[in-house]
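Okay, so chain A shows up in both of these, paired with chain B first and chain C after.
Let's look at the complex of A and B:
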């Protein structure tokens, strides 16, 4: 442990508080606004705490919009993207780690390179491909898009993980009577679990937060995901800020819950993936 | 239990040949130790036997059946790794039961077999712990237990003791030997430590540069090494190799070591050594045969007068280092003589304890009448 003087600790505390306020204040404001009646939202001078807290914004969100549909769509698409990405990335990363074949390092490097393209650059060709395949305006198109976009980093992250698992363990399993497949299932995957969970979470967040793919690939209202659905609330003739803030609040709640639960895996993932342990 | 045969076994990594068509027979129930310096190919050979490394040529036979195309899981082997390779996410019990789980053994049978192995290794108390909660020695035991539970045809050990401290290593060595005496399963054991090889093996296989230098029981390798490499590798401290000129005159064959040191060759080796007369050779004498001991009788012994450079008392004896022609050599001294550095002493060796090495081929020239064996056994 590094010992710090009282002044240093005070300075550090203030810096942390400032950073926290900068990051958390908009969230706090969003949460509080969601609980204010319309009259208070536009009150001047603005007040931090709602005088007459109300759940009517949330109520209207459920009654007057397709929020539930959007929410369901987001859950379906994001979960499917996670499953598909992991189904492809786990064997892919394992192959890139354990099998020696011509061009392996080049493939690994190229994979990372593809991650450098901004979504906006590939969205139009991607849309054309999806339309040709007859998948435009389907959830499948979104799942494929998220999977395509998450795979490079998923492969890299998992590869680092698999590299940190001593090959002796797999070989021990094989001399213990396991096939390579069973060695992977019983030994490699349990040990890589923090990494797999971390990769899954990051994929989920990418899919959950995506706006641009969903905007371009989905046109039917009943197929829209939350980010697009919420954005469309702005297009109403009267912008209902209370409702928008309420929807924002409801969008981040599941993510916050999941994050707080899997945080330890995520930290373990980043910690043990990079450093040999 | 199985008899293991390697026939013309070969391994190449790309264009580099690391194992050169080796042949080896290991009898059923035998404890064979592959020993050699790092990079000699012993671990690669073991891994090919295990099926973890593909062969590039030749055959591996278990009880006469070729196994080189089989997956490791189908070879009926168990391997103990240098790193122990315990599954960190499983308890000791689950580690030991893993192979049984793969086989689909019933829960009660699993419990029984794990119990038997745990008892044999005295790790019954540790069964519910995770590997990270164990000391190095305990992990080693668990790794062995995991292999024992499998009741394989062949046990493979890859430097299993090299991560342990000296005391623990000696203890585990005895334990491994005891287990072998009890189970009589064929063991193939890789080590770079010649002491381990000598103490454990029924059969030592000395490897060097991807070749087998010599195969034999420990005492044969010690007494009748076929090459300079084996002579230097087996035995501790290392054998002394004196560069010399072999000369023949009216008094018979003798080696001139320079510095006025002359060693008379035993008469009975005349026939074997005569072809080397007039040539540069090396004379090999083990430190434990080159003695500074007042009790040694002069007759029949070879003597050389040297100046002691360093004295290392070991308790019962002391190691004496001396320098000849810029090279250090070792002899064993009588502790009672209390030698000091700078002392001039007369070292003696029995004629039978001398080896003649042909520097061109690095082969030990066999004494034609096999005196060495007859006298030494």
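Let's look at the complex of A and C:
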């Protein structure tokens, strides 16, 4: 480590503080606002910390809005999207890694190509396709959309993980009499578990955060997911800032929890373009 | 041992089938739709050939959306790059609490867009926002600024977008920085290179390949960014001044109910991206990349 002078240390400290103020302070401010009574929210000059912290904003959110329904819908849809994506991507990535067949590289390239599609380029025809299939305004449509959007990065990320697992291990298990299926279940999957967990969590975050698909595919209030529900709360007549900030705070809590857990896997996934947006 | 044959294809098939029906097919269908006049809600449609595209050629709103979209994407991409690279260099230094800081600055990228937008709408609120309070108390501005009025809404949108997406650049660059061999820096020091020269002649060339991919991905995603822009247009009367191409495609389809025209806007956007990406590859791709 190179020794720094006092001035260099001061400069470094100030730069880090400025970066934190820009990146993290707005989130902190949202959390603090959510805990203030409205007299303090609109106080001028504003104060940093709530003098009389209150949970009344969260209470109003639960009592006067359908927040709990939106939350439940988001949990259902995001979890289903994770399960479906992994069910398709784990065997798919294994097939793309361990088998050689005609067109394999072309399939891999096509998958990468679909990764470039933005939702807005697909949403209009996607919406019409879902209407034709009778799936418009169902959670199934959302699950399919999120799965389709996660699959490209899921396949690429898991493929990188499978490639890093020495094939000798499977061969050894199979020489010992295990079937290929058992070798995969007992040898390959446990070794690829960090990759599978990271893929699942990134899929979850993608589904949890999505606005556009839920906005267009869902019209019933009782089927809405959180991002659309919150946007509608914001657009409804007089803005209740305390309640809106409380909803923002509650929505990011699951993201914060899973993200803290996945952070160590994330840099590996980043290399293969694990996150999109 | 890589086994030959069919089982591999069978394993990929379900994923491939879903991707084909839900992404490739819609893109093809979107192209077909752009050649038709079709109401967004009713099944009837009439083939009109290239009429939708010809209409767009003479449509001032379309050209305006292109202009606004370019201002938005170019400025946000440049700012994300500068800020992301600078922050990555900073967080590559050793200091107390570095891992916590690294975790915290990534949050803006991980939270739902709707949260990013509402929290900045609160920060930038005309009457009670913290930003206006700061600007007025510090004497930078004589009165509160209307951040969502016509003169400032683009700046507000750029601010929110850069805040939300610079962590992507930061993390990708940081991952690459960690893999640069320290011997390169030692050698440069022996040759008498100062910090600026070490950055220009050691760090930057090593970052070239990752920057190549970051710029490509971020350009695609910013040019087609819908949710951040759309949510910023909600409320306030200056929606027109941030109507980028994705928003225009959406409005055509879901407000004017012209699905064919909306699809045509999306296809034009797609074709522009393909041409831009091809040019970019042709100009900047180096042998060792991808």
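The rule is short, and it goes like this: the second predicted complex is superposed on the first by the 246 of 277 C-alpha atoms of A that agree within 3 Å, B and C clash if a C-alpha of one lies under 4 Å from a C-alpha of the other, contacts with A are read in each partner's own complex, and residues count from 1 in each chain.
In this text, contacts are C-beta pairs under 8 Å (C-beta built on N, C-alpha and C of every residue); 3 or more make two chains touch, one makes a residue touch a chain.
All of these numbers come straight from a predicted model, not from anything done at the bench.
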_For the combined arrangement obtained by superposing on chain A, do chain B and chain C clash, or do they fit?_
fit
_So in the superposed three-chain picture, is A:236 touching just chain B, just chain C, both, or none of them (first/second/both/neither)?_
neither
*State whether A:29 touches chain B only (first), chain C only (second), both chains, or neither.*
second
_Rounding to a multiple of 10°, what is the angle at chain A's Cα centre between the Cα centres of chain B and chain C in the superposition?_
100
*Which of the two partners, first being chain B and second being chain C, lies in contact with A:68: first, second, both, or neither?*
neither
*asked:* Per the contact definition in the header, classify A:171: touching chain B only (first), chain C only (second), both, or neither.
replied: both
*Mind working out whether A:190 is in touch with chain B, chain C, both or neither, as first, second, both or neither?*
first
*Report the partner of chain A that touches more of its residues: chain B or chain C.*
C
*Examine A:109 and indicate which partner it touches, taking first as chain B and second as chain C; both and neither are also allowed.*
neither
_Let me test your reading of the model: by the given contact rule, A:179 touches which partner, first (chain B), second (chain C), both or neither?_
first
*Rounded to the nearest angstrom, what is the minimum C-alpha distance from chain B to chain C in the superposition?*
7
_Common interface positions of chain A, toward chain B and toward chain C_ = 171
*chain A contact footprint on chain B (complex, rising order)*: 50-52, 71-73, 77-79, 81, 83, 85-89, 98-99, 102-103, 146, 150, 156
_Considering only the defined contacts, which chain A positions touch chain B in the complex?_
166, 168-169, 171-179, 182, 186-187, 190-191
*Write out the stretch or stretches of chain C touching chain A in their complex.*
1-12, 14-16, 18-19, 21-27, 29-30, 33, 87, 90-91, 93-95, 101, 103-115, 118-123, 125, 128, 130, 133, 137, 163, 165, 167-168, 171-172, 174-175, 213, 217, 220-221, 224-227, 230-231, 234-235, 246, 249-250, 253-254, 259, 262-263, 266-267, 269-270, 273, 277
_Residues of chain A that touch chain C when the two form their complex_ = 1, 12-13, 15-16, 19-20, 22-24, 26-27, 29-30, 33, 41-42, 44-46, 88-89, 91-92, 94-96, 98-101, 103-104, 107, 110-111, 114, 116-126, 128-129, 144-145, 147-149, 151-152, 155, 167, 171, 205, 208-212, 216, 226-228, 230-231, 234-235, 241, 244-245, 248, 251-252, 255-256, 259-260, 263, 266-267, 270-271, 273, 275-277
